[in-house]
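I have a structure here, written as structure tokens, and I will follow up with some questions on it.
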């Protein structure tokens, strides 16, 4: 299989959709002439023209809202809001319109819209540009929330996102764009709500998604050297959440840790912990733990930023404390 | 949790559904038809108020009494397949577009026969079979959607247009600005119809707006904009006919400011502390129904008895609608979790 | 002590602040001439004048942002955004500015701003007007999130909110405005981060806030008739969260249920469950359970709406299933 | 978790802190001083680019090269206690306002001696001792804050004003509209200075804006608005002096559109696919530093050797600043959790 980057995997899915579905068009700030702020759509304007690749004003609310409207009218728009931080300016459209219209209209209307945004921290972009708000979106019924961790995930999940008749929040982790991995040339879809058990193990379950999956995976390799056998789950989608995969794993390992970049307090890790303890209470040998971002706005300084984010060493320390329990 | 259903699409090339050839516009409605529609709306709203008082309708109820000429004139000037996207004070728009009064009243009652099965309520009427794409309750939040529907029709190459009704309260929201700019720069086929009833809840437009002539705001985006007497259904009809024709050619959006007044409070809970009786009285004299009735009688187009017959027709229509609503069942409790996402049966 | 309504209790705190602190002023949509959409500020415009009580345009972002700016300049603004649903339009200001400015500026600037909003459901206002997004705000470091359940709480917490040198999201439950309770005439403050153990018991801990506290309390009374002795905690503030009070209680009762109007998935109940199982793992006789709103946009129909919200009967059923475990 | 600290205030009446009597405006700076400031900024930015390439500066770095006349002229026309609220391309504004170059460079390096102790970085400079109330990275998101600061001064009855720098990319955001309307309707003492460098990232203003003459947008809110050559520091200074004086009288806000150009990419990552070399060359000929230098020499106000001396001064200033930044320590790791909320020690 060819090795391509996460960025290229996303590009392949977008190009495929533009080529095969006339209803698909892309809009967003600087996706055309500039080539996309993370170069995901570079060359698309030249290849597909202004009708299919639309540079927009800097006006997140109307771009997303126009995507919703166009989706209601039977098209299949993809709106890029550049980064998850700016999605706050469109969040009323996402929550009060996109997520609710099918239900409110009693199934008369649907919103088959894909909203892509880059999330995550770790590049010293400061407090206003380093947020991981996926837990907010996962909280909202009516949305699908997707967070690919690998090039293979990225292509397969984005292909599936275009099949969805409901709005999809597609969150790409900024640090992963250059990461390489094997990706088939041909189109394929990964189902929503199916996690990937990326490593099997028997001592502890490490649960991650997007960027945090890789930390979990690397920590698992290091733990193996110490004779601790960790199972690693890559969630792929936060909503729907593959609780079956999580519970099956925890029933085997009897311990679980969620790893997430986001602020711990009130974050998605809490939901996973709550579900595990509710459904696998008697299987747990230790409380479900969370290895999350610090509850602070993100500092610019590199060392401080790293200290604010979960590290492999933190995961390893936590695992050891749990296994010894 | 089960994997949520995603309809599997095969990898065959997809094309845009072309609209059926545009149906010719319904023959332009005469003034009598416009008057009847206004009377129907008025009666419907009076009945809704009564049903609210009797506890049959709950939540927020925003009556359209006083503003009937706006929706009536505007919607009569549109093609039946032009989209309507409107605010939460939308019973008038729904009736003017031809939604079944019984199903609208049933919606206010929260019944399963309501236009959205009792899920939406007064603020969220939808009937896409009539291209009525909804009432929305976030001020100005529906303007981007209107732009999107218009964008889709432009993309498909049809000549369907969008009529987007907004209140004067919308014009200071950021989305108003974003929507007008986008519509203008992309030449979207949308006509914004601003119902300037001088107040947003209890706040007089002039107290919170730097520019009180709303249509001038639209001009600042290079949008064709006009002001019209929103108490005059004929004038409304003429203005929208003219602007809609222009928008339909693909030249870009239009904006119409209709000066009007709501005779009742903002919602049923409003003590109306912010305006004087005198002001309300002044506007009541401009009642769009009385004005047109008197004009038609003066011109001898109709007789007083005709008027009574028309009123009787409205009464019956609304009485029947109310009976239908009363007699309809509540939605089944086990429908609660349905239609949050697409279900296999939808595909 | 005089019995007054929740609404009146809030009015008392606001009037006190207007009378005693020249730096305090109020802004919001329809708080003046209209008297406030929930009549909280009725008469204030006449009493305090336009300088102190400002009717604003319908423009949530600039109102909240102007509140932040005025707070940075040493004033003590109170911004009312009418309902939590509309706060989505101002959420960029709240998250990207209010919550972060102290940290980002390295403590040069602070944002002593009180943002009041009505939340909760149950009045058949439909999907766009019935949200409970307090879990979102609680997730954001730099904000205090307050959710008074009683008139006594409302006055004492709002008085304290005006003492805070950091932004306070003050969430009033719409259904509670007419509720009466004892409230001292004189000013008093309730500390943030101190829950109220409103009923002591030994069999199970019921945790609620705002509207859900009352359901928990009523359920506890009914449970008493069945010989089950529930302890009921009224959180008062979600952030800071009084984990000590929660853990102390759970260590005694060995069981806990969180009650919340909000959507369960990814909601605040998950955070509480995660904390309890982490810190009181060995004390738990049953998993921490959640009695939450259904994961759907809110339907208008009254029976459907009630079915979508947690009910006392649901709490009782849950408690019984846990006690029998 | 411990109860978070809330400073206990007693129940004594509180009054608004009155500002100290406004200090007279610093004597109007002459053209030589303006030139020196522009040269300092230019040199600073060149050095920052170099330090970025060497990995000393991380994250996003947006250079001000080409636009020096805007901040320099504008800020020299303001009183030292007037607030500056600006965007993320703000090193120039910071230096023009007199922030210590060493502490600004240290901030870019993320050092503890930086103006925000290494926490804010390039996009979030703050120095409230100089009334520099921050650089912000959400496009247009700082405009409401500027309104709020202005509101506070109006409330206190001072005659301090706010200068709010924005980019052309801001003007289609909803907050632009909300802020302009509020400022106008409440007559807030704020001057909006729009640095129209023709592009927002790679998007040319004319491709996304219904009205390309930005100052005309402001006029639609009844705000005094002007356009000025932003490559001419003397013109900038004159325009801001005039508008600031007006704003200071309490008559309401003003808006100034400064036409300018950035010579470098949007940020260090920009491949500049969206504009031609010819366009950049055209504007480079209008370099504000060259223009003023040539003018001063032509007028014989200065000699070529003076120019060299001035350049040397800039070089030294920036070299010293860089050394200071290099030599400064990183912030201590145990400061990580500090200052999320007020701490007892702050009260």
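In this document, chain identifiers A, B, C and D correspond to the written order of the chains, with residue numbering beginning at 1 in each.
Just so we're on the same page, a contact is a pair of C-beta atoms (placed from the backbone, for glycine too) under 8 Å apart; a residue touches a chain by one contact, two chains touch by 3 or more.
Note that the coordinates shown come from a computational prediction; the quantities given were computed from them, not determined experimentally.
Two chain pairs, A-D and A-B, are weighed by contacting C-beta pairs, with A-B ahead.
Using the mean of the Cα atoms as each chain's centre, the chain most removed from chain A is B.
Distance from the chain A centre to the chain D centre is 35 Å, each centre being the mean of its Cα atoms.
Each chain gets one centre point, the mean of its Cα atoms, and the points for chain B and chain D are 46 Å apart.
Averaged C-alpha coordinates give centres for chain C and chain D that are 39 Å from one another. Residues of chain A in contact with two or more other chains: 56-57, 59, 61-62, 85, 89, 92, 96, 103-104, 126-128, 141-142, 241, 295-297, 299. Each of the following residues of chain D touches two or more other chains: 119-120, 124, 136, 138, 141, 172-175, 178, 181-182, 185, 207-209, 340.
Listing the residues of chain A that touch chain D in their complex gives 29-30, 32-35, 37, 55-62, 85-86, 89, 123-129, 294-297, 299-304, 307-308. Within the complex formed with chain A, the chain D residues making contact are 58-60, 110-111, 118-124, 136-141, 169-170, 172-174, 200-204, 207-209, 270-271, 273-274, 330-331, 333, 335-337, 340. Interface residues of chain C, counted against chain D in their complex, comprise 20-25, 51, 56-57, 59, 61-77, 92-93, 96-97, 101-110, 141-142, 144, 160, 162-166, 187, 189, 191-194, 240-244.
Per the touch definition, chain D reaches chain C in the complex via residues 1-4, 6-9, 11-17, 83, 85, 115-117, 119-120, 124, 126-128, 133-134, 136, 138, 141-153, 155-156, 174-175, 178-179, 181-182, 185, 338-342, 346-347.
By the touch rule above, chain D contacts chain B in their complex via residues 172-178, 180-182, 184-185, 207-211, 216-217, 219-223.
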